[in-house]
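A single structure is presented below for examination.
To keep things simple, chains are lettered A, B, C, D, E and F as they appear, and every chain counts its residues starting from 1.
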Amino acid sequence: MSRDPETIMRSQMVRDLIGTGRRRDHRSLGQMRPLVVETGIIAQADGSARVRLGGTELVVGVKLMPANPYPDHPDEGVMHTGIRLSPLASPSFDRDLDVEATEIARVVDRGIRHSGMIDMKRLCISPGERVWGLYLDIHVLDHDGNLFDASTLGIVLSLRGLAFPNSRFGMGEDSPVPLGEMPVTLTFAKVAGELILDPTAEEEGVSDGRITMTIDPRGWVRAVQLGGCGHFTPEEVKRAHQLARSSAEVVRGSLR
Amino acid sequence: MATRGAEQGRTDGRSDDEIRPIRLHAGVLNNAHGSAYIEWGKNKIMVGVYGPRRPSRQELLRSDRALVRCTYNMAPFSVSDRKRPGRDRRSLEISKVLSEALTNAVLVERFPRTVIDVNVEVLEADAGTRCAALTAASVALADAGLQMRDLVSACAVGVVDGRIVLDPSRDEDNFGDGDMPVGILPSSGEIVLLQMDGALGPDQFGAALDLGVEACRRIHALQRDALLVRYGPERASRIEKPHFSGYEDTDNIIMDDEADPPVWGEEAIR
Amino acid sequence: MSRDPETIMRSQMVRDLIGTGRRRDHRSLGQMRPLVVETGIIAQADGSARVRLGGTELVVGVKLMPANPYPDHPDEGVMHTGIRLSPLASPSFDRDLDVEATEIARVVDRGIRHSGMIDMKRLCISPGERVWGLYLDIHVLDHDGNLFDASTLGIVLSLRGLAFPNSRFGMGEDSPVPLGEMPVTLTFAKVAGELILDPTAEEEGVSDGRITMTIDPRGWVRAVQLGGCGHFTPEEVKRAHQLARSSAEVVRGSLR
Amino acid sequence: MATRGAEQGRTDGRSDDEIRPIRLHAGVLNNAHGSAYIEWGKNKIMVGVYGPRRPSRQELLRSDRALVRCTYNMAPFSVSDRKRPGRDRRSLEISKVLSEALTNAVLVERFPRTVIDVNVEVLEADAGTRCAALTAASVALADAGLQMRDLVSACAVGVVDGRIVLDPSRDEDNFGDGDMPVGILPSSGEIVLLQMDGALGPDQFGAALDLGVEACRRIHALQRDALLVRYGPERASRIEKPHFSGYEDTDNIIMDDEADPPVWGEEAIR
Amino acid sequence: MSRDPETIMRSQMVRDLIGTGRRRDHRSLGQMRPLVVETGIIAQADGSARVRLGGTELVVGVKLMPANPYPDHPDEGVMHTGIRLSPLASPSFDRDLDVEATEIARVVDRGIRHSGMIDMKRLCISPGERVWGLYLDIHVLDHDGNLFDASTLGIVLSLRGLAFPNSRFGMGEDSPVPLGEMPVTLTFAKVAGELILDPTAEEEGVSDGRITMTIDPRGWVRAVQLGGCGHFTPEEVKRAHQLARSSAEVVRGSLR
Amino acid sequence: MATRGAEQGRTDGRSDDEIRPIRLHAGVLNNAHGSAYIEWGKNKIMVGVYGPRRPSRQELLRSDRALVRCTYNMAPFSVSDRKRPGRDRRSLEISKVLSEALTNAVLVERFPRTVIDVNVEVLEADAGTRCAALTAASVALADAGLQMRDLVSACAVGVVDGRIVLDPSRDEDNFGDGDMPVGILPSSGEIVLLQMDGALGPDQFGAALDLGVEACRRIHALQRDALLVRYGPERASRIEKPHFSGYEDTDNIIMDDEADPPVWGEEAIR
């Protein structure tokens, strides 16, 4: 965890550049990286997607399986979001990443859950006895920052066209899973006093904090997470909120 | 901030911008380098700080600053159904966001290659534990004599029946539409803890944030008071062990050292 | 684990003092430290107590929940005693304490279990199907020695007035849990050839062993544990037994 | 090798000595020092290599050579029933045999006191994952620029209805009478991976082994091709991210960077 | 993991000796070490054996207990093979041995399972509901190489005369477990270009790989495992196969 | 000590102060630096000692003495219901009390900064395993050639139907009223292992303790004998591997090295 002079100099350069409104990959501060998406890639998953957001790459697989409901929510399905920060995705993943992985999975989970994209009551098979378990597993293959936004995108795209696999469990014909509108997650890093959208790993490394917001189609905030030892003025948070709302609209439009 | 109050139905009769009763004490443990105990509504939380010190696992250290390592733990009896002991995903995440928020408050660059352990024990949980823990933790850090940039003051904002309310109770948290814990550095006004889930309309978000920040300033006054009691002109000369609040009206102190301490076994043995 | 000269000198001083019948906190060798007890402090527990024994402080919470019986004891409740040696309680708790915690929990558990304070058969709901699970959780907040005695005290006081929470589980009205007489645990350290009651952490650190006895109201021994690389002559053990019996009477009298 | 082919009923119509379609790409990850992606039948496997480097746990090191440490992991969604995340006994054993086989291929004595991490992620499993992983792993090691004695080429041999068949599919593996993964160093012809369970008659064993070794040589040609695409005269100038095969006929690429990349949020934000 | 000069010299000596067709314990290259076997040594196990193969010693205990079948094999019993590489068995067992233990247990398990010695369908009690669980536990007490062969032997001998313990579970009278013919496992190390049977720990330490084969009474191969960073020519593998077949016959004959 | 004997009903016909048959052998393992095997009633326990040596985790070390680290483990097949492998709370506690008791017996100050590992493997359990393990462990320590202050000799005392009996059997332990394992340093008579649960009347405690101490002296004689066999004038020239007792009358040794060892595979192979 010691930092050599070269790293320190490069960090300063990244900061200085952003201070003048520019970024090392020639994006403007509010610009996302190019996105490539493939879906339906895992035959044994009920839904799947591969997302490449600049140098960040991940695969999401979704499974539906009968499960027991929670006693305090007998008529609702159960949902689990997991993430694997595979050691092949970054040289810095050569250690225990429980805490990092847990935060990402939980923040992404909250955004999906509270957006209403999935009505958990529609995942009920027999109240109090049997419900659908919805397993959302994220598998990170290349880490170049902003795993939050790519993960939510991957999940949302994997859910599209999802069907209850009734036939696989001897429960009749498959039927479509009703889905609400998709949430979009947007992450900003604070560098040199500026908010930059969709930070790379390098930008995250020099940032003074990160703020992640999940926005639903009505523009409502569904999840927020400040992180990375961040400190933001209330005005910066509100500005991030405005930027997130407008960016979410653009993302949503692009994917339709 | 307009308050609409109890007639519109907060379950515990509070007005919308009213915080539950808080008791906050600094310097309550003997062994910990710094400590604080907070009762916030029915939350009961103990925080103990050790450090700066060298950890056994050297690979954790940072050459340029101290590592603030917060461990948030809930007692098995702190919630309605017994919680299995040990860390779970929720406490891992809370530990992380508390660690990050507190890192902003401590002058970590003064203590390179060390670790500052902030141990949070939730003895009873009643919604808002992370804000209560953060509020007590920064008092415990100050009590440990660590050089600090600022305290961290925290309070949650909730959405109940579409209304923005301060410091939601357990019922409001469970059946409400949203929960947004906010923590600030009071002197700069910067936000260092911010989480949210639920639903906040485009116009509500800013208002909720402002309400939370304002509440944090009220919390800050309580923190100052707690530190004044301990370190002010009439400073406590020793560790004070405040009584815990009982949950029934009856006196829950069944034996006290105010009374003559019974000298058990004395004559029996010698 | 190396010891600096100051620690060695202080240890010698503690030993020498005890050799002359005195202790650093001015207690006599057979004297317990002041005790402060609060009960009913955790609303969500079925019973609770906070015990301060000198500089040692702990909280006990008791929960009753329906559970499955063990196959070989179909008509008896199940009881679990756990302890958390929270890292805030001592600078020495900054490491894996499984072994220490396990010993304390098991010794305290045996004392409670064998004292007959709780008749496990009275915790049966439906033989072979459903029984009450009694969870005794000890949470140490400040460690200044003698966790055994403080833990038993905390459990016993938490159990007082315990009721079956039938209403919480839709099983009718709450009803009192029948309780037998309370056991008392007494721990002696051997220092400089003397037996000292209720040792502090410092005294434990210089001791040549520890002996813990749980005594029931009839004066019967219900649990014994020798520890801390201890070596005691049979006469010392018998003397500890006599001292424990008389001290237990005094403790029991004080708390009534 | 006589082939009896589809009329005798391989479920997917292959002849007995026919290998499923394979796509193999080198240099497909940005961060890993070397990488490879393989689709073999419906298997989809990504391999990333880091090293030689110093591990955090020094006690693992060998003073006379590098330690090749392969970690084989299956994604929860890679198999029919969701697999619980985390290592299990099967993946531990496969990790061990792959590590040992690859140790033969790398000039490990050139990198004493280091570790070479070979991370295998099975995204979809369809029988024969360890052979596919091993085949891709040695390409990833070459892509990392490590000095190597040879590649490792692997293919499984199966027994179905008493017949020896190459590269059994999932059905053939589940309902067949035996499975024997074989991995060789193609230049010397030496066997470095060999496992087997099921039933092979005294005369079948040698024939099956010969068939496996011969198949490995075919696999070797594919490995050479993959490395030529990346490092040959018309070498790829940058990391290529090959598309994954979709499992339906429809185009599974719903947004591509071949098209003008949409510049999201740009105008909205600045 | 560094190697001192003495170790290097001794390793060279072992290799040189084998290059001339001799071994340090005066065996020929294809000779097994003396074998001592005791059975019926653990009263609380349903079957048990102690195997000493030269300086290698292990105990196997077998238990039968009712269990749930796997959903995809409702009419078959379940079998679990475990091994404990007890730290008392070797100075090198003073560390995490999960990987080594797992490989041995799984290779031995495959040999037993695929040999047909046990027909898993005969372990079915009530299809889809209740089957016998067969637990094969190997406990290594002294490690001097070749744990594979000794483990298979120990299991096979523990299984001989095995009875369903129906009476212990209130299911009527005990009845014999039908058994097929016994498999034999043979392990060769490659040292100085030679294949040597039943290697000692020292020989394993200097070997260029290990090949293990399990052979059934008809001479069929039931399991193979190459290990220890081994590299074998196809001819060497075929030769090991021939040697394993003939050796298996001899072992089988000796034990009958 | 008055014995009331079998007519009053010990289930196995022993008198109240009678110990079950014991076989104890020193030097029974090849690799361990010291070892012992004990059969005590139906208990079958193997102990192996390594050390003094340096452990991999340096933080465990004491600068002024050796750390005696006992690991008590039960084989899955050692008890009636299969025990899940791995440590549990019971074995953790027993490991601790055995470690502490043995620390008194070894001259630990002679070996600073080292660890002495005492590995106890219970192959069959039949009540009284910790006393049997402790008895064998100190013999194994002596067999390892470690400088010792004394052995540790141990035996349990039980309460059955209100009577104090020596060395309770499994039935007596399960259905009795109390169990008190006692371990002593025979030369000084000091007690180094003492645990108890159940019920001992005020007058019974001392009597039970005396009975236990007296029994330990009998155990000590067996330990001396075992060491004499190994190290006495007619000392065993090599590791002796005693046969295990079978549980049926029939001979359980189905192949022995007393006979001409069969030279398997010899002619077949060469």
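One rule holds for everything that comes next: a residue touches a chain if its C-beta (ideal position, glycine included) is under 8 Å from a C-beta of that chain, and two chains touch if they have at least 3 such contacts.
Note that the structure is a prediction, hence the values are computed from the model and not measured.
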{"item": "Subunit B to subunit E, fewest steps along touching chains", "value": "3"}
{"item": "Taking each chain's C-alpha mean as its centre, the one farthest from subunit B", "value": "E"}
{"item": "Between E-F and D-E, the pair with more C-beta contacts", "value": "E-F"}
{"item": "Distance between the centres, which are taken as Cα means, of subunit F and subunit D, whole angstrom", "value": "51"}
{"item": "Centre distance in Å when subunit A and subunit C are each reduced to the mean of their C-alpha atoms", "value": "48"}
{"item": "Euclidean distance of C-alpha centroids - subunit C vs subunit D, Å", "value": "58"}
{"item": "Residue list for subunit D, restricted to those that touch at least two other chains", "value": "56, 59"}
{"item": "Contact graph of the chains (line, ring, star, complete, other)", "value": "ring"}
{"item": "Successive chains along the ring, subunit B then subunit C then the rest", "value": "B, C, F, E, D, A"}
{"item": "Complex interface listing, subunit E residues touching subunit D", "value": "1-3, 98-99, 102-103, 105-106, 110-111, 113-114, 211, 216, 218-234, 237-238, 241, 245"}
{"item": "Subunit C contact footprint on subunit F (complex, rising order)", "value": "59-64, 89-90, 92-93, 95-97, 100-101, 103-104, 178, 180, 185, 188-202, 205-206, 209-210, 213"}
{"item": "Residues of subunit E defined as touching subunit F within the complex", "value": "28-32, 34-45, 48, 50, 52, 55, 57, 59, 61-63, 65, 82, 84, 86-91, 94-95, 135, 137, 139, 141-144, 157, 197, 243, 246-247, 249-251, 254-255"}
{"item": "Subunit A contact footprint on subunit D (complex, rising order)", "value": "29-32, 35, 42, 44, 46-50, 53, 55-56, 71, 73, 75-82, 85, 117, 119, 121, 123-125, 241, 243-248, 250, 252-257, 261-266, 268-270"}
